[in-house]
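Next, two complexes with chain A in common: one pairs it with chain B, the other with chain C.
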Partner chain A sequence: MQETLQTLVGGLSLGAVYALVAMGFSLVYRTMGLVNFAHADIAMIGAYAASTFYLTSKMPFVVAMVVAIVVTGAIGLVIERVLRPLENKDFDLMLIGTIGFGIVLQAVAILIWGTTGRAVPSPVRSAPLDVFGVRVRTYDLLVMAVAAFAVIGLAWFLARTKRGAAMQAVAMDHEAATAVGINVGRSNALAFSIGAGLAALAGGLVGPMLYVDASLGGALGIKGFAAAMLGGFGSIPGAVVGGLAIGVLDSYAAGHFQGYSVLVTFLVFTAAIMIRPMGVFGERTVSRA
Partner chain B sequence: MTRNPAHPRLTLAITAALATALGACSAPGESGSESKSTSGPIKIAVVNAQSGQLSSLGDWEYKGAKLAVDEWNKKGGVNGRKIELKLFDDQGDPTTGTNIARKLDSQGYIAMIGTAESAVTIAMAPVLQQAEIPNITSGQSDKLVAQKSPFLFLNGPTSTTYDTTLAKYLIEDKQHKNIAMITNNGSFGKGEHDAFLKAAKDLGVTPSTDQIVTTDQKDFSSALTKIRAEKPEVIFIGSEEVEAGLIVKQARDLGITAPFAGAAPQGTPVFMDTAGKAAVEGTIVSSPYLSNDVSPAAKKFADAYQAAYKEEAEMHGAKAYDGANILLTALDTSKGATGKKLADAIRATRHDGLLGDFAYDETGVGITQTAIGVIRDGKLVAEQ
Partner chain C sequence: MKLRIGGLAAMIVVAWLLPYGLGSYAIHVVNIALIYALLAIGMGLAMGISGQINLAQVAFFGVGAYVVAILTTHNGYGFWAASALALLATVATGLFVGVPALRMQSHYLGIVTLGLALGFLNWITNATITGGADGISGIPLPTLPGIDLSSEYLYYYVELVVCVLGLAFGLFVVRTALGRRLRAMRDDSLAASAMGAQIPLLRMTAFVLASLYGGMAGILYAGLIRYVAPETFSIANMFILLAMVIIGGRRSLVGCVVGAIGLTLIREWLSDFSTYAQLGYGVVVVLMVVFAPTGLAGVPGLVRDAVRRRSRTSGGPRAELRPFTPYEVSPPPDDQATGPLLDIRAVTKDFRGLRALDDVSLSVLPGEIRGIVGPNGSGKTTLFNVVSGFYRATSGQVRLSGRDTTATRPYTLSLLGVARTFQNLRLFSHLTVRENILVALDRTRTHTIWRYVLWPPGVLRQERRLRTQAQELLDRFGLADFADTPPGSLPYGIQRRIEIARAMAARPRLLLLDEPAAGLNGEEVGQLAHMVRSIRDSGTTVVLIEHNMGLVMSLCEQVTVLAGGRVIAEGTPPEVVASPAVIEAYLGDSEMAQDAREAAPPLTATTPHLPSPSPSNSEEAAR
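What follows is the complex of A and B.
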C-alpha cells in the first residue's frame, strides 16, 4: 500500500511536467494545426536559461523562471516568424522546419553551455513531508501547484479574453477568421510564443528534479507528445489528463516490469490509442493540411 | 515528403563498405583507404560521446587523451612524426559508432582511443578487428573481454575486478549481510549487476532485493520504496553518473539513509553534483584512481590537466591519459608500426601509469586491481 501510494506521488510530480509539455504541443496544434517538433528542445533551452539565471546570475528562482519564460517565448516568436511564409502553403516543409529548429537549438545549447550539462539544486530547502509513511517532496508540490495555475490561466485566457477567443476562431476556420478581421499571423505568433513559454516553464521546473543537458528535450518530448496524444491532441484538459496518466503509468510500469517498463508503457499507450484514436478528450480530428 | 527516403546511415555504411572494397584495387597515389601512410602525421582517432547524457564522460576522456598526445608532440612526436588527434562524436549510440569505425578504416586512422560506453565499443569491435585497427577503450564491461578481439584493449579494470573488490570489502571487512541492489538494464548496468551478484554470492551473501531500472528512467519511487522496506545496511548501485545521482537524491528524499556503494561513476563530480553533497556522504566507491593525491605522477597529471583545461582532473581523464600513453609508447617502441604489429607492441608494453602497473595479457586487460574509497565532505578519500 505504502509502495503503491509512493509510486503514485512520484508519477504525479513528473506527470505534472509532462502535462505542461503536452499543453504547449496542444496549444500550437489547435491554433495552427502544426505539430511543433522543436517544442521539447525549446523546453531544454528554457531549462538551461532558468538554471543559468538562477545559478550564474544568482537571481531568485521565481525571477529566473520568469526571465527564462520571456526569453524562450521570444525564441518561439522567431521560429514562428521564420516559418510564417509557409503557413497554409506547404505543411510538410513547416513540420520539417520545426524538426530543423529542434536540431539547431540542441547545437546552440552545446555551443553555449557545453556538453557536460549541470545539476540544479532544489530551490526549496525544506525536508520532504511525511504523510503516513509516504514521503512527498515539497518541491514536487510546488511543481504541481504551478502546473495547475498554468492550466487554469491558459483556460481562462482562451475562454475569457478577446485575444484568446480570436485564437479559438483561427483554430476553427482561419479563412473565416481573416474575413472577420482577425490577424491570423499575429494569432499564430501568440500561440507559438505561449507554447514556448509553457515549454520553458516545464523545462525550468524539471531542472531541479532531473539533470539539465542538451538531451533533456528527448526525455521530456517523447513523454509529453505521448501525453498530448493520449489526452486528445489539441485539447487543453486532455493534455493535463494525458500528462498525469503517462507519468503515473510510467512509474507503475517501472515498479512492476523493471527493465521492460518502457516497453510496457508504450504498449499500453498504443492499445489506448487504438481503442480511442482521438484520445480521451479529442472530439474530432483536426485536419488543416 | 517521402519521395526519396533518406537513410543517411545506410548510405554512409554502403559508401564506406564500397570504399574499403575498392581500396584494394585503387590506383596508386589515390588517397584511398587501407593505405596507412608511413610519413606525415600519425592519425589517431578519439571516439566518444560529445552529445547526450554520457557526454561528460566523452569530454573527460578526450581531455585526458589530448593531454598525453600534446605532451608527446611537445617532445617531438613519435619516431620523428607528429601525432594528429581527431575527435569523433558517437553520441553514445552503437549504430553511430559502427559507422565511425568504417570511417576510421577508410580515412587511414591507425589506432583508436575510446569509447567510454561498452555497448558502443562492442558494436565497433568487429569492424575494427577486420580493419586491424587497435582500440584502447575506457569501457569496463566483461563483455568487452568476451569479444576476444586481439585489437581491443582496456585502459582500466573490468567490472568483475571493481565489484569483486567492492563485495569483499562490504561482506568480509564490513560484515554486511543485508545488501540491496539497484542497477540499470544498459550495457554498463547489466555488467555491474552480473559481476556484483556473482561476487556477493561467492562470498555467501544473496542480496535482499535486486531492482532493475531502465537507462532513461526518471522516477525511481517504486524501486526505492521496495528497497526501503528491506532496511538494507548498504545499497549496491550499478548505473552511470547522472542516473545514479538521481537515484541517490530520490532515495534520500524517501528517507533511505543507508550508504550506496558502486564503481567508477560514483566517484565522479557529475554524480556528486546531481545527487547533492549531503546525499552522497558516505558513498563507498571501488576505483583504480581514487584521487589526484595518490602518487606524485597523479599530482603531476592533475596539475597539467588543471593548467590545460581549468578544471580538476578525475578518474576518466586519468584512464584515457594512461591509455593514450600506452598506445604512444607502443608506437614508439615499434617504430610507428600499424595493424597487427602495433597490437602486439601494445600487448608487450609495460606501463607504470596513474592507475597502476599495466601488463596486458591475451584478454586485453592490463590492470586487475582497484582500491576502496569513501566520499567524505564531497571528496573521495581512500578508506583506511
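What follows is the complex of A and C.
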C-alpha cells in the first residue's frame, strides 16, 4: 500500500511535467493543426537555458526560469514563421519540418553545451515531508503547484481574454477567423510561442528531477506527446489527465519492470490508444465522404 | 527510352567498376551507404508511396540484425539459415507495428511507431540475450561458395545485387496495380476504398514492405560489421534516415536511394564535424519541406515545368476535352425476373443524438435513372454513404439485387458493382488521370498481391490488359489529352468528368452520382445529361443527387424527395414538383405554399405528417 502510494506520488510529479509538455503540444495543435515534433527539443533547450542561468549566471531559480521561457518563446516564433507556408496545407510535411527543427535544436544544444550533461541541484533545500509514511519531496510539490497554476492560467487566457478567444476562433475555423478580422498569422505565432514557453517551463522544472543532456528532449517529448494523445489531442483538460496518467504509468513501470520500463510504457500506451484512438476527451472525427 | 537504357547500362558499369578505384576504408563507407539505401527504399515505400508515417524503420533494421546475431552466436545456426528466420521475424515485427495503422493515421501513427521503436531500443539495451549496451560480437562470416565474403570488396557485390534487386522490385510494385492502390490510399483512402481497395490490408502491406527492406538491411549489416550494438538503431539514426528520404524525395524510390547514399557519404566526409553536419542536414530538411517538398527527385520535374511554362506560347497543339463517345446500347433488363437492384428498407442513421435518416425506404429498378432531391441537410449524401458502405445504418436494411449489404464494406461493394462519385471531388491528386482510371479498373481482390512474390509475369499481363482498357475509357470520355496530367491542375468541369469516368471504370451495375452538375456551366450540364443517359443505356442503373432541377426533370424517370431525413414524396418529376409536401419543404408553410397546395392534385407516397426541414443537420454532421 505504502509502496503503491509512493509510486503514485513520484508519478504525479513527473506527470505534472508531462502534462505541461502535452499542454504545449495541444495548444499548438488545436490552433494551427500543427503537430510540433520539435516541441521536445524546445523543452530540452528550455532545461539547458534555465540551468545555465541558474547555475552559471547565478540568477534566482524563478528569474532563470522566466528568462528561459522568453528565450524559447522566441525560438517558437522563428519555427512558426519558417513553417507558416505549410500551415493548413500539408500535415505530414509540417510534421517532418518540425522533426527537422528538432534535429537542428539538438545540434545547437550540443554546440553550446557540449555532449556531457549536467545535474541541477534542487532549488528547494528542505527535507522531504512525511505524509502518512509516504516521503514527498518538497520540490515535487512545487512542480505540481506550478503546473496547476500554468493550467489555470492557460484556461483563463483562452476563456477570458480577447486574444485567447481569437485563438479559439482560429482553432475552430481559420478561414472564418480571417473573415472576421483576426490576424491568423499573429494568433498562430502567439500560440506557438506560448506552447514553446510551456515546453521551457516543463524543461526547466524537470531539470532538478532528471539529468539535463541533449537527449532529454527525446524522453520528455515522446511521453508528453503520448500524454496529449491519451488525453485527446487538442484538449487542455485531456493534456492534464493524459500527463498524469503517463507519469503514473511510467513510475509504476519503472518500479516493477526496471530496465524495461520504456518498453512496457509504450506497449500499454499503444494498447490504450488502439482501444480509444481519440483519447479521453478527444472528439471522434466522422470520416468525410 | 534509348537514353534511359543507355544511362542504366552506364550506371551498372560504374557500379561494377567502382571497387577498383576505392581504398579499403572507402569501400566500407560505400557498403554502409548501400545498407542505408535499402532501409530508405523500405521507408519510401511506407511513407512516400503508401502515406504511412513509419518511424520504426530502425527497429526493423535492428530486429533483422539482432535475430541474425542471436541465432548465430547463441543457437549455432548458420548465417543464411539465421537470415531466413531473421527476415520472418522482421516481417512479424512489421505486422505488429502496423496494427495501430488500422486505427490511426498521420501524426498519431508517427508517435506510436516512434514509441514502439523506443521500446525496442529499451529492450535491446537491457536484455541479457541481446548483450545489453555492449551488444553482440563474433557473428560468423557469411559464406558463399567460391566467394570470400571477408573481403569488403566482394561483399560490396553481394550488397549491390541485393540493392539493385530490391530497387527493381520496389519500382515494379510502385508502377503496377499494388503500388497504384497504395498511392491512391495515400492520396485519399476513402475514395480508394470506394474503388475496391481493401484499405486495412494495404496498410499492413505497406508495413510488411517496409519491414522486409529493413530486415534485409539488418541482415547485410550483421554480415558486414559482424557486431551489433544498440547505438546503431538509435532514434537519432531514425531521424537521419528520415532526412535521407525527405531530401532524396519520399515519393520516388530512386530519390530515396540517392538521398541515402548521398547523406551517408556526406556524413562520413564530415565525421570530424558531426554536430555541424547534424545542424546542416536539419536545416536542409526544413528548407526541403518548405521549398521542395518532393525532394531532389522532384527537382527535374520542377525545372521541366518551369521551362514548359516559359515556352508555353510556342507550344504544340493545345490539350482539349473531346466529346464523349456513347456506350453501345444493351437490351433493357427484364424487371419482373430480377426485382429491384437497390432496395433500401426502413433505414435509420443516427449520429449521436442527431437523426440524419429516419425510416427511409426506397427501391430502384434495374435500368432506372433515379433522382434524389431535397433541401440542404436533408440526408441525401448520408443515404449515399449508407448505400456505398461508408456508414452503417443504425437500423434497417440495404439490399443489392436481393443480397443484404447493410454491413458490407465499401471495397466489397465496389467489387459487387456499386460505384460512386463525390460531392466534393475526391480524385487522387498525385496520380495522373490515367492512373486514377487504372485504380478503378483494377477489379482484383487485394489479397491477390501474393502474385507479386510468386508469379510476377501474371502481374505484368494484367497490367497490359488494364492499360488497354484505360486507353479505351480515356478515349470514350474524351480525356485522352489529359491522360498524363495530375487532375488537380485541370479545370473543374474536366475533373467532374474524370470522376464519372473513374466510377465507370469499375464497370458498375449501380452508379451513385453525388451532385454531378455542381459547378458545371450550361453546356457541360448538357453533356452530363447525354453521358448519364448513355451510361444507363449501357445497362448501368443510375441514382443521382442533384440540385439542378432542370437536369433532374429532364433526366430522371423517378424522383425521391428527402427532407429532414425522411422521404416526403416519390414519383415522376411533374408529380413530385406539384406535391404540397415538397413545396412546403422547399418554401416553408407559407401562403404561397398554401396556394400551390390548393392548385396541385393529390399525390403518391406522401406522408401525412411532415417534419419541417432543418437545414443545419445531417449533412453538416456527415462532413
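Just so we're on the same page, the second predicted complex is superposed on the first by the 276 of 289 C-alpha atoms of A that agree within 3 Å, B and C clash if a C-alpha of one lies under 4 Å from a C-alpha of the other, contacts with A are read in each partner's own complex, and residues count from 1 in each chain.
In the analysis below, contacts are C-beta pairs under 8 Å (C-beta built on N, C-alpha and C of every residue); 3 or more make two chains touch, one makes a residue touch a chain.
These numbers were taken from a predicted model, which means no experiment stands behind them.
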Have a look at chain B and chain C on chain A after the superposition and call it: clash or fit. clash
Using the superposition on chain A described above, determine whether A:Gly255 touches chain B (first), chain C (second), both, or neither. first
Should A:Asp92 be classified as contacting the first partner (chain B), the second (chain C), both, or neither? both
Which partner does A:Gln2 contact after superposing on A: first (chain B), second (chain C), both, neither? first
Is A:Val78 contacted by the first partner chain B, the second partner chain C, both or neither? neither
Give one of first, second, both or neither to describe whether A:Leu111 is in contact with chain B, with chain C, with both, or with none. second
Based on the superposed arrangement, let me know which partner A:Arg137 touches: chain B (first), chain C (second), both, or neither? first
Please indicate which partner A:Val280 is in contact with in the superposed arrangement: first for chain B, second for chain C, both, or neither. neither
Taking the superposition on A as described, I'd like to know which of chain B and chain C A:Leu14 touches: first, second, both or neither. first
Contacts for A:Met229 in the overlay, against chain B (first) and chain C (second): which applies, first, second, both or neither? second
Identify the residues of chain A that lie in both the chain B contact region and the chain C contact region. 92, 96, 106, 110, 258-259, 261-262
Tell me, which parts of chain A touch chain B in their complex? 2-3, 6-7, 9-11, 13-14, 92, 96, 106, 110, 114-119, 121, 128, 130, 135, 137, 209-211, 213-215, 219, 247, 250-252, 254-256, 258-259, 261-262
For chain B, which residues are in contact with chain A within the complex? 1, 50-53, 55-56, 58-59, 184-185, 211-214, 216-223, 225-226, 229, 242, 245-246, 250, 253-255, 270, 273-274, 276
Of all residues in chain C, those that touch chain A in their complex: 51, 53, 99-100, 103-104, 106-108, 110-112, 114-116, 118-123, 125-126, 190, 235-236, 239, 242-243, 246, 275-276, 278-279, 281-286, 288-290, 293, 351, 381, 384-385, 388, 390, 422, 621-623
Sort out for me which residues of chain A touch chain C in the complex. 35, 37, 82-83, 85-86, 90-97, 99-108, 110-111, 218, 222, 225-226, 229, 233, 258-267, 269-270, 273-274, 277, 286-289
